[in-house]
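Some structures to go through are shown next.
Two complexes, one shared chain (subunit A), two partners (subunit B, subunit C).
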Partner chain A sequence: MLEVERVSRSFGGVAALTDVSLEVGAGEVVGLIGPNGSGKSTLLNVITGISPAERGVVRFDGRDVTSLRPDRTAALGLTRTFQTPRVLHRMTVLENLSAALFAGSPKVRRLRKADRERLNGLLEECGLGRRVDELASKLTLPEQRRLELVRTLVSDPKLILLDEPAGGMTPAETEGMARLIAEVAARGRTCIVIEHKIDMISSLCERICVLDFGRVIADGTTREVLEDEAVLDAYLGRRDIA
Partner chain B sequence: MIVDFVQNTLDGIFVGSSYSLLAIGFTLIFGVMRRLNLSYGPSIMLGTFAGTLLFVEFEAGLLAVAAATLAGAVLAGVYVERVCFWAIRRGAALASMVSSFAIWMQLEEIVTVVFPDRTYPFPPLADFALEPGPFFVRGDHLVMFACAAAITVLLHLLLYRTRFGLALRAVSRNPAAAAFVGINTGLVLFSAFALASAIGGVAGYLIAAADQQITPFFGLWATFKGLIAMTLGGMGSIPGAIAGGLLLGIIEAHSGWYLGTEYRDLSAYAVLFAFLVFRPGGLFAQRQTLRSQLAARRV
Partner chain C sequence: MDEYLVQVLSNIGMISFLALSAYILLITGEISFGQQAFFAIGAYASGIATAMWGWGFWPGLVWGAAAAGAAAFLLAWPTLRMRGLFFAIGTLAFAEMVRLIFEIFRYQVEIDGELVGPNGSEGFRGIRYIFEQDISAFHYMLLIYAVLAGVLALLFVIERTRLGAIWRMLGEDELLAETEGVNRTYYKVLATVVAGAVAGIGGALYAHMNTYLEPKIFNVMLGVHSLAYGLIGGLGTAFGPLIGVGIDIGLLESARIFSGYRMIVFGGLVALLLIFRPRGLLDEAAVHALVAWWRNTFSSPAKRSGGSGRPPERPGA
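And now, the complex of A and B:
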């Protein structure tokens, strides 16, 4: 479904990504981990067209999306969330979802009863059913993260990229978010999850890819990667502990 | 005394409604782009000269003149958007503002060369008047107010009842988030610009028809009136633009009557100065400004 082939990206002479390759098949839930500054978010930015690759190719569903704008990648079914939730603050929760519905379905001219019921259903599932008419700015951080995640679902995407979906959350909130992502994945959606919380990643993902200094240093099953010497050294801090 | 006061207030509201339209145009562009378009007035001026051309050369009727004014303003606005905003969309906001000033000069020069006389006639819109009791209301002012009110209602419906309005509001709130839900932000910005230019074209037509003449300096005048009204109301706020325009009209009407017409503009600038010092966020953005000030202090 997603092929990232020898992608490189630098900022002012600093290499953020160097020859990164990654393949994700349909239905997979892949964890993307690495120390801060290792290039995880940059890779998501490259895939979604915010910051196009300087070298290399990104293919989605066999189509070259390397230089497509974010709205075009979103229209193809590739959506994402952000470390800091980018909800539409001065708009209601329902309007946040409606914007995605309208943009994702050109035929939808107005919010019909069936559309509203569907959006309400999505909000109920993620625990925001009672806040449908509230301004998004009034939601708490975990609620904004859930809203952002559920907004990605509105356009029925094929691939969802989640950038630290549990960042800044308490253990209970993290568990709730992990449950929500698991439900999304259980419906056959392909996901790439960036997260520092290894427990969450290992419970959600069967496969993990590790970045360090903009290069892939490990890619394999969760168990293999978490026992990999290079990963333990670079990310899990065994060297520091020793 | 009371009659004069009410009459001046009424006159101010009627004329101010056209200022509100100018301010709405400025606000739409500033609201979605966070960039100031100094060429807004001159592109409206170009539209009114397109209308004048039809009227003077071909003795065209009201509808044709109105259509030409609107089309001219939209075409000029789209030209400004492509050159000053789309072409340097990744550059600093200041770059867009400075280039829009350059295009202002360009448009004014073009009109001055093509229309070398100082003033040109513009067909009147309505030559009737109402006299309810001791008051006097010009017919063209009444039409101006009715059109402004209708456009305001239609704009509200467009913004809050249509998918384009939702997209426009989403882009103005957070362009990156809007792009990630699949909204073509470039197209929305372009459409907002064209819409603002169309509203400006209507305002230009109504003002020129009320004055029954047009000069190349109309662009400067429209830019000043629109900018002052937007600043009084609160930058980026549509209700603020409406209130700011009406307030400016009322200030001008009262100062023109009580102090003399030579003090009319001076009074408007004095009130603008007072607002900038004591209420910089304007009538409708004050709470937000206070909140930002408090947030800045916390940082």
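And now, the complex of A and C:
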């Protein structure tokens, strides 16, 4: 479904990504981990067209999307969340979803009863059913992250990119978020999940890719990667594993 | 009705178009100091149509709106690649350019032995259609408010549909909107064109009420005021800018108690609101609270839940 081939991206002479390659098949849930500044979010920005690659190719569903704008990649079925949750604070929770529906579905001109019911259903599922009419600014951080996740589902995407979906959450909240992502994945959605919480990543993903200094240092099954010498040295540390 | 009151109310009505024009851009996240240029273009174009070409009022009004909308398109295409302050400065430069063009724009024809049409800085005299048709100031005021009601109704419809949601989405978070599938340039150009056309309608109405246009009327202060109306009245609904106009023209300009101090009070009011209510009196939170109150007070229990009242369906995978 997604092929990232020898992609490079730099900012003012600092190489954020160097020759990064990654393949994600349909229905896979792939973890993307690495130290802060290793290029994980940059890779998501490259894939979604926010910050196009300087070298290399990104293919999505067989189509070259390397230089497509974010709205074009979204139209192809690629959606994402952000490291710092981005919700529309001046809109209600339901309006956040309806705005996403309008943005992703040009044929939907106004919110009909069936659309409203579907969006309400999505909010019920992620535990925001009672906050439908609240302004999004009143949501707590975990609620905002859940709203972001459910927003990605509105336009029925093919690939969901989640950038630290449990960032800033307590262990209990993290567990709840992991359950939600697992439910999304169980419906056959393809996901790439960036996360520092290794327990969450290992419970969700069968495959992990590790970045360090903008390069892929490991890519394999969760078990292989978590025991990889280079990964232990660069990111996980040996004491954590012992 | 008192003649002075009719004039004040007519002014409030006409300037409301300019305020709504700036409001449309504000909700999409753009600050324009140049909406007075489209007001001027609408005024000149419709004045030329009725006074020189012999068109009727309504075709002249539509032509004024179309000319202003077309000019807005010409402005939007290059300037919307600019962001934030750069766009604001670009619109200011454009408006001053338009004003200076009208200062040297001469296009006159002889009608009944008299030269009619724009004559550079001397202005444009003889836009007499309303008087020739014997329409009273009171009836013209009613006409202004009828057109304003039409534009407001259109904006309310827009706000409840896809276009309005996308404009507000762009206004709050452009990057998010783009990653959700919004073509930023297309929707911002569209907003600029609609805003230009709305200002053009106001200009057309202004030209026919005053019968005389002078380029210096359309100066930067008119643009600053149009922007301030939304920021005072609020950006949560299209009624907000009208409240701003009402406060400025209806209260500060018209009440004698503020005579000579209008700009001081107006400036102070804008400053206070920017500090304490940066999105105006009727901001999104206020509108949300009002809607919630209305729903809780008057709506059926089914609608109060914000949904259909039915149990939610399971989302499709």
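Following the convention adopted for this analysis, the second predicted complex is superposed on the first by the 238 of 242 C-alpha atoms of A that agree within 3 Å, B and C clash if a C-alpha of one lies under 4 Å from a C-alpha of the other, contacts with A are read in each partner's own complex, and residues count from 1 in each chain.
One rule holds in what follows: a residue touches a chain if its C-beta (ideal position, glycine included) is under 8 Å from a C-beta of that chain, and two chains touch if they have at least 3 such contacts.
Just so we're clear, the structure is a prediction, and the values are computed from it rather than from any experiment.
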Fit or clash between subunit C and subunit B when superposed on subunit A: clash
Subunit B versus subunit C as contact partner of A:R207, first or second or both or neither: neither
Which of subunit B and subunit C A:R145 touches, first, second, both or neither: neither
Which of subunit B and subunit C A:T48 touches, first, second, both or neither: both
Greater subunit A contact set [subunit C / subunit B]: C
On subunit A, the residue positions that both subunit B and subunit C contact, one per complex: 48, 50, 69-71, 74-75, 79-80, 86, 88-91, 95, 98-100, 102-104, 108-110, 151, 155
Complex interface listing, subunit C residues touching subunit A: 160-162, 165-166, 168-169, 172-173, 175-184, 279, 283-285, 288, 292, 305-308, 310, 312-317
Touching residues on subunit A, where the partner in the complex is subunit C: 48, 50, 69-71, 74-75, 79-80, 82, 86, 88-92, 94-95, 98-100, 102-104, 108-110, 113, 116-118, 120-125, 129, 132-133, 135, 137, 151, 153, 155-156, 187-189
Residues on subunit A engaged by subunit B in the complex (per definition of touch): 48, 50, 69-71, 74-75, 79-80, 86-91, 95, 98-100, 102-104, 108-110, 151, 154-155
Subunit A-facing residues of subunit B, complex: 162-163, 166-167, 169-170, 173-174, 176-186
